[in-house]
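Heads up, the thing below is written out as structure tokens.
Think of it as A, B, C, D and E in the order they're written, each chain with its own count starting at 1.
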Amino acid sequence: MKNILTVLELLPLFGVIALWLTPKENTKLIKQTAVAASLLTLVESFIAVWNFDIKFKGFQLVESYNWISAFHIKYAVGVDAISLTLILLTTILVPIVFIAGWHESEDGRFSPKTFYVLMLVLETMMIGVFAATDVFLFYVIFEAMLIPVYFLIAGYGRGERAAAALKFLLYSLFGGLLMLAAVIGIYIISTNQGVGTFDVNELSKLTIDQSTQNWLFLGFFIAFAIKAPLWPFHTWLPGAAKSATAGTSTLLLGILDKVGTYGMIRFCLTLFPGATKTFAPWIITLAVISILYGAILAIGQKDINSMIAFTSISHFGFITLGIFALTSQGISGATFYMINHGFSTAALFLTAGWIVKRRGSSQIADLGGLQRVVPVLAWSFFIAGLSALALPGLSSFVSEFLVLIGSFSQYPVATIFATTGIVLAALYVLLVVQRALHGEVKSGNESMVDLNLREKLAIAPVIALLVFLGFYPKPVLHPLNVATSTVMSQIGVTDPIAKADK
Amino acid sequence: MDIANYLYLSAALFTIGAVGVIVRRNAIVVFMCVELMLNAANLAFVTFSRLNGNLDGQVASFFTMVVAACEVVVGLAIIVTIFRSRRSASVDDASLLKR
Amino acid sequence: MLNLALQLGQTKTPEAVLFWILAPLAVLAGIGMLFAKKAVHSALLLAWIMITLAFFYIAQDALFLGIVQIVVYTGAVMMLFLFILMLIGVDSSDSLTETIKGQRATSITAAIGFGGLLISLIGRATVGHTALGLAEYNVKGNVQSLAEALFTKYVWAFEVVSALLITAALGAMVLAHSQKIKSRTLQRDLSAARFRGPSLSTAAGLPSSGVYARHNAVDVPALLPDGTPAPTSISATLKARGDMLDSKIFELEVKEVEED
Amino acid sequence: MKANNYLVYLIALPLFSAALLLLLGRIADKWGHLLATLVSASTFAIGAYEFFAMRSRSGVDRAITQHVIQWISVGTLKVDGALLLDQLSICFVLLITGVGTLIHIYSISYMEHDENRRRFFAYLNLFIAAMLLLVLADSYLSLYVGWEGVGLASYLLIGFWNQRPAYATAAKKAFVANRVGDVGLSLAIIIAFTQFGTVSFAGVKAGAPHASSAALTAIGAMLLLAAAGKSAQFPLQSWLGDAMAGPTPVSALIHAATMVTAGVYLITRSNFIFDASSTARLLVVIVGAITLLFGAIIGTAKDDIKKALAASTMSQIGYMILATGLGPIGYAFAILHLLTHGFFKAGMFLGAGSVMHGMDDEVNMRRYGGLAKFMPITAITFGFGYLAILGIPPFAGFYSKDKIIETAFNAGGNKGWILGGAALLGAAITAFYMTRVVVLTFIGAKRWDSMAHPHESPLLMWLPMAILAIGSVTSGFLLSSGSALVHWLQPIVNAGNVEGGKELMKPLTVSLLALGVVVIGAGAAIIKYRTVASEAPSNISIFTKAARKDLYQDSFNEAVLMRPGQGLTDTLVKTDHNLIDGAVRGVGWTLNTISSAARSIQNGYVRSYALIMVLGTLALVATVWLVTL
Amino acid sequence: MLSAPHLNYALLAPILIILGAALLGVLVEAFISKALRSRLQIGISLIAVIAAFIQLIRVRNLTSTSAAVGSVAIDGAGIYIQLIILALAFVGLLYIADTDNFTAQASAIPGSTEEASSIAAGSQQTEVFPLTLFAIAGMMLFPIATDLITLFVALEVLSLPLYLMSGLSRRRRLLSQEAALKYFLLGAFSSAFFLFGAAFLYGYSGSLSLNGIADGVHSSGANSVFLLIGIIFLSVGLLFKVGAVPFHSWTPDVYQGAPTPITGFMAACTKAAAFGAMLRIFYVGFNDVQWDWKPIISAIAVITMVFGAIAAIVQRDVKRTLAFSSITHAGFILIAVVALSKNGLAAALFYFISYGFATLGAFGIVTLVRDSSGEITDLNRWSGLGKRSPLVASAFSLFMLSFGGIPLTAGFIGKFSVFTASYESGNINLVVFGVLTSAVALFFYLKIVLMIFFGESRSDTLTVVIPSILTRVAISICVIVTILLGVYPSLIFNSLQTFATFLH
């Protein structure tokens, strides 16, 4: 197959067409169609993995067609291990979200059909954004992606969903606009240097003077920092997470926000190595602040969803820390962290979503004693929590530790601060576990029902993956190493040598 | 006397016209002030025509007159319409559209 | 200013005299326009300025324009203005008190600044050559030369102006002309209607003002055969103006006639 | 090295069993405990097999490794999922699986009436697996997995009855305190990697001589922090007392015999680090000495039998930590004390459990009294443990504790006097509070109310107690006869190569001295607690008050960590809302305000509009005017 | 004896076709019975626009500076702008064809019995069609005119009909007439500025043609005071037409008061025409004095963008909001003007299309949302529209997103190309301002989307009328163009690359 990635992008869209043909009233058929489409996409993504050569450095499965030739813009896609794993994360999580949130689509402002259309369109875009090797294409999807999410939050969420969605959108678009300026800037530079291209590989070969690099870097970085989100650009996240449905939150934090950190590696690092080195200490500082700040605020949250959101801010701090440590452990760890965080956040949001749905309140104070009432659900939430606190044996530990180990040699003090974050992580997870799952069964919780088979089926693969990758991360980590070494050589950095060896 | 004086006169009349537009309230007077501005421009054209030694300025001036005539027709028609519906030709009374 | 003057060249003395007499008057007239309470006065002042300008045109070798200025501008356009002024009430006078907050102060400042800067700027200009004059062009005659330019170089604009004229005409029609909605009612229809009406009291038609009354002035209502006044006999315009006498005083004293 | 071995099953079996029991749910209720016990026993069997296999080998061949999976490999960081069984770890394997199996058996009966017994056994199996991974790991990172695994198991077991808020809190407290230690472990590993480029024990050991002393001290200090967290050492000791919220078998297994000793294991395992850094060693002995006194003092004031024992555990581990800081020979003695302590303390805890079992879960010793009559077996087994911990010859404690006191004195100089003195004082206090426990519980007048019907525990409960009692009696002698353990461990800790410092006192003197203080302590307790009120007296000395309050450790934590932490959290939450998000909202507000102002410009008057145009033009003209100046 | 001037009618044919159709329309008004007029007028207008379009396509590759004796320049950009104007005008005409939006009797006093009876009799003011055609002709001429006289005439030809048509609304006629008055007075005012500027340009260079002015810059030994005065005053006239701050103030009032189809037509086509002329004047006439005017226009561009975006935030009327939006977009196009490069020109041309169709679409939808008294323009009452009519709401949101420059809409490509051109020409500051303004602008576009879809629906009399077939076609065209050009802008850009040049 020649156009694996394009087919992969199009499959969800075929699902959209199929949905379009489905009668609006037949909710069940609509759901089945959507699940089928997402599963088909999953299969196709495995085909992509099958055709992927782990040892090959650079982009694979590439396709390139002229798109807007006036600006040398191409529809160019291709994957390396980083993007492929993120695509895989996407294709795995989408069906899970569908199955887990079987009824999410029903009490929205729009019809269930619209929900699945938006979701599938979002899937296409998420695949596309990771597959894009043309900066313009990336940007286009990066921005366009926000629209379906906006409607998903505002159309199907809870509480002050509209305001939250607007805030999310404005924040992201603001960042995106800054990035647009930078995208244009780098294109102009390429034009001036006689190339005139948006191709990432070509662009990374440009020679850009330091001050220009700095500005362009900032343009990209702020967009990604808002997306990721990094302190102090984070305030959109808790609201969005609080308002969105569990499935939307899962995709939003699990995948969409990864575009931010993914973009940092793919664009900030490779396009502007000089600026990266200039700004790295500052960004590391922000990352550490994010880690601690996110964790402390997570402790202080009263709403379970915004608590999860703040934990994510903390985790994104770790990812950023790893990326800008500019060591192979740091970057590999960060990329692996992205995958793990995707799964662990998914688990957290989905389980929290079930809890909230059953209880009718997302206030932690309203919960309590769930362990007795709904043991399976409680366990799922607990394991998800353990994954969030990076318990060794779960995959997030591997990545978190890699990040710390990778950053210590460059930024020991920052790393020490970051490491204290693991205590805070224990606190925020266990506090909510204690309040929600343990203790007396609070009134209002007595009649909650435990997970049904469908829900169990949805959460099982996530937990299985978390455990499996914790003990055997090699299938993911090994390809990522190859990609990491490519990135490192593009920036021109090498790992520090152990001191005692000298 | 030098020709520049005509330009000063033109500028002065133009300014007076502009001020008239700003301070007068009767729509017709306002419009007359616009006509004054056009005339000021015409004077500049004619002066420049003489200065530059070609007739283009005069031609322009001529066209201005024609155009102004058309404008007057349309403008007065509009003013009359307004007057008929509001019994007032004050431009200040026509201030429903705001903010 | 000096610089510009040197380069622009000097004009002949008579022109200077003309200028220094008329130009201040024109400016004064302009300022007068700003302060005239009645629109008509403004219009007349404007007409005066236009005529002044016509003189200047002629003085500057623009004979044709000077004539056109008087004929078209002053003659036609200004008359149109006056006509409309008549239409909407020639007596109406503007109050000159300013109602918009800050408008006047700002306006005056802006005007002084604007005019001052403009004049100061013009004073700084250099032209790079002396005034060339139009003698060469006007050899054939000013009108002929203009015509030549008009029908060769600017013929396209000239053609397009026709569109403008049509637009103007069309516009005036749209805004002023009432389309007939029903077919016009003829005399015949009117009298038919009178007789077919519910009462025959109006069948004979309305009397003119003053009929049978003690006065035959237009503001005196006619008296009906029974001696009561007929208010409908007065022009509606007078009624609207309130220029109608009370019809009561014209009523006949009806005496009781005893019947045998 | 031998290729075919069964190390992986040691971990896999209990792990699998735990997973199975948890996943199957209620289906496994009927036989879950049996499976778990069976699995535990089989791990003991494997351990025993491996032990004998090891004994049959000699020299460097004794240590074996098993490579299981390639775990993490990024850049120069290569960590294999490999297991290492050497002389040190086999001790732990046997202790863990042995005591573990006994406690499984005990629990079958002890937990009989708990509807979640299956889950309890699953946790126990999980613990066994994690603990074995901890001791079998061949690198610090793998050890970390087990390290946190036991933490998790401990958390789950402490919070086994988590419907009780206090218990849930206790579980959380334990985990968080452990996590603080984990920061140390993390940093130690990270520093080690930056220094040596590897995190395997062998690699670090090989690199240690070349590393800078600052780095080694840092690693050592961080490892100590880790050990302090896990082993409830000062200043992270406060969780252990609360951890008694868990079912008593758990206290016996995890919070007495095995998990809490992991810190001792870690330091011993890292002997090459501590050997190379005297500063790190100094820190270790300070922590050990403080904790042993600290725990002992707390123990004197506790009325809750389990808490008294927990304080004792803390104190005893203090001894071990102290020993590990005393140089090569100390490691062996620390392990020796660890093993003997494993027997007698587990036995005593089970005894306490038995008492509680018979007394309807009453834990207040002031409501006991004279129980020896009603539960003779318990009394006897507990008595053996008591004698062992007091260090009465020939009970196990005598062999191990005396060695430590002796070694402490042998540290030389003032250090020797201080440490030795502390250890001796600790012994005296230990005698006091243990005697107190025994007197309050088994001797004297009965103080329980009429509702209680004390009775002896069933076979499945007393059998393990009995076995452990036997261990309490014999283990010391067996392990130390001919310095068996010291020699056994010699390849790991280099114990034989280094001679201790100048002896301050002859061993016999120390032993006599120790016996003397023990007698004094015990005598004092007997005199003081001949009669005792069933309610704790309130007119007590400030020292007692302090001891009852755990020497204000919780108050200290609350004042120094928790309150400021909560304050910080609240402040940050407010800051986030008001300042950061406020700034964002402020932008919106500003825009709105400007917008409203802009809107008012649009006042509807055409003259104003014209004025604006004129002003605009004026600005342009002014610009030109200025430009052409 | 003069030789007859050679006008090259083939090249002027598109304009002549429109003018001819306009004349025909006037004749129709005079001689055809009322019943037939409306349909006939629609037919004539549409056919004329199509015919002119076709004729333009036929001559698209021709260039000439001598057509109309040098009064106009037939070049790629000129033809392109004309094509754009015709395309936009076509859509505009489809709205105007719904004569229900226009007063039955313009001369009747609002609220009078005469008006009522006109409405009852089904009268229509079908003069809008010839007026529209005249305006279109003026718009087509404006950007290709090369001398100041033709420019001025064209300016008036396009303006006068618009002044008139602004006052022809069927409902809220007082407002409509007021709009006409304001538009007219301010328009005439700005014309005076334009003319005054033209005089000084002539004074500086001795020529009225753009090329002559450009040559004057080279040859004249004088200082440039006259030139600068000329540029400034001429710009004021042009900036007024495009609605740039501070010459914008008519925009909201007129947009609000005028009949919505006219507003749409005016917003889309006038902007293209005026900017087309502006581009030509600055690119051809003032190219060599760019360092004098670039800072000024840049400043105005920034002020325009920022003011438009900020002022729009608190607007409560949808038409006013769109007016401020158009001001903001004028600022963006000004950035392209300042770029002063082929790419800038291409970007501007593309922007005309993307903005024009979105604007037309948006105003088209405004015509559909009504209650018994006519269009509802109060945004608060649009709240919850999405529930009532998801299709209409979606389309409107699409246009808002396109205005906001969300990728995959034409608006984004427009912004992108403008920014690119600006960046390329070194005006990075403008790009930064543009980007920041876009963010502010997004604020209110998205608020509208939010309100439409997620606002509380008020159970009042709001209805979405079933659009007439022509309106439906028009809105569909706008939607399709907005999406198509967003997804595959090469459709336009490929041709722009060959066409975006001005003849000098």
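What we mean here is this: a contact is a pair of C-beta atoms (placed from the backbone, for glycine too) under 8 Å apart; a residue touches a chain by one contact, two chains touch by 3 or more.
Note that the structure is predicted; figures quoted are calculated from it, not measured.
**Student:** Hey, how far apart are chain C and chain E in touch steps, shortest way?
**Tutor:** Steps on the shortest route: 1.
**Student:** Just to be sure I understand the contacts, which chains border both chain C and chain A?
**Tutor:** Touches both chain A and chain C: D, E.
**Student:** Going only between touching chains, how few steps reach chain B from chain A?
**Tutor:** Steps on the shortest route: 2.
**Student:** If I average the CA coordinates per chain, which chain comes out farthest from chain A?
**Tutor:** With centres defined by C-alpha atoms, farthest from chain A sits C.
**Student:** My parser should flag the chain pair with the most contacts; which pair should that be?
**Tutor:** Summing C-beta contacts for every pairing gives the maximum at B-C.
**Student:** Going by C-alpha centroids, which chain is farthest from chain E? Tell me that one.
**Tutor:** D
**Student:** Give me the ID of the chain with the smallest distance between its Cα centroid and the all-protein Cα centroid.
**Tutor:** Minimum centroid-to-centroid distance belongs to A.
**Student:** Find the geometric centre of each of chain B and chain D from their Cα atoms only, then give the gap between the two centres in Å, rounded to an integer.
**Tutor:** 95
**Student:** What is the distance, in whole Å, between the centres of chain B and chain C, each centre taken as the mean of its C-alpha atoms?
**Tutor:** Spacing between the chain centres: roughly 15 Å.
**Student:** Could you put a whole-Å number on the gap between the CA centroids of chain A and chain E?
**Tutor:** Centre-to-centre distance between chain A and chain E: 44 Å.
**Student:** How many angstrom lie between the centres of chain B and chain E, each centre taken as the mean Cα position?
**Tutor:** It comes to 25 Å between the two C-alpha centres.
**Student:** Do you know which chain B residues sit against two or more other chains?
**Tutor:** Residues 7, 14, 17-18, 21-25, 30-31, 42, 47, 49, 51-54, 56, 59, 63, 67, 70-71, 74, 77-79, 81, 91-92, 94-98 of chain B each touch two or more of the other chains.
**Student:** Could you say which residues in chain C touch two or more other chains, in rising order?
**Tutor:** 100, 103, 107, 110-111, 114, 118, 121-122, 124, 127, 153-154, 157, 161, 164, 167-168, 171, 174-176
**Student:** At least two other chains touched by the same residue of chain E: list those residues.
**Tutor:** 106-107, 149, 153, 156, 160, 163-164, 167, 181-182, 185, 189, 193, 203, 223, 225, 228-229, 252-253, 443
**Student:** Judged by the touch rule stated earlier, which pairs of chains are there in contact?
**Tutor:** By the stated definition, chains touch in these pairs: A-D, A-E, B-C, B-D, B-E, C-D, C-E, D-E.
**Student:** For chain D, which residues count as touching chain B in their complex?
**Tutor:** Where chain D meets chain B, its residues are 599-600, 602-607, 610-611, 614.
**Student:** Quick one: in the complex, what on chain B touches chain E?
**Tutor:** By the definition above, chain B touches chain E via 7, 10, 14, 17-18, 21, 27, 30-31, 34, 37-38, 40-42, 44-45, 47-49, 51-54, 56-57, 59-60, 63-64, 67, 70-71, 74-75, 77-79, 81-82, 84-86, 91, 94-98.
**Student:** For chain A, which residues count as touching chain E in their complex?
**Tutor:** Residues 66-71, 109-110, 139-144, 146-147, 151, 154-155, 161-162, 165-166, 169-170, 173-174, 177-178, 180-181, 184-185, 187-188, 191.
**Student:** Considering only the defined contacts, which chain E positions touch chain C in the complex?
**Tutor:** 2, 5, 7, 12, 19, 22-23, 26, 29, 34, 68-72, 105-108, 114, 117-118, 121, 123, 125, 127, 130-131, 134, 137-138, 141, 147, 149-150, 153-154, 156-157, 160-161, 163-164, 167-168, 203, 220-223, 225-226, 228-229
**Student:** If you look only at chain D, which of its residues touch chain A in the complex?
**Tutor:** Interface residues on the chain D side: 22, 25, 69-77, 81, 141, 144-145, 147-149, 152, 155, 159, 162-165, 168-169, 171-172, 175-176, 179-180, 182-183, 186-187, 189-191, 193-198, 207, 210-212, 215, 568-570, 572-573, 576, 580-581, 584.
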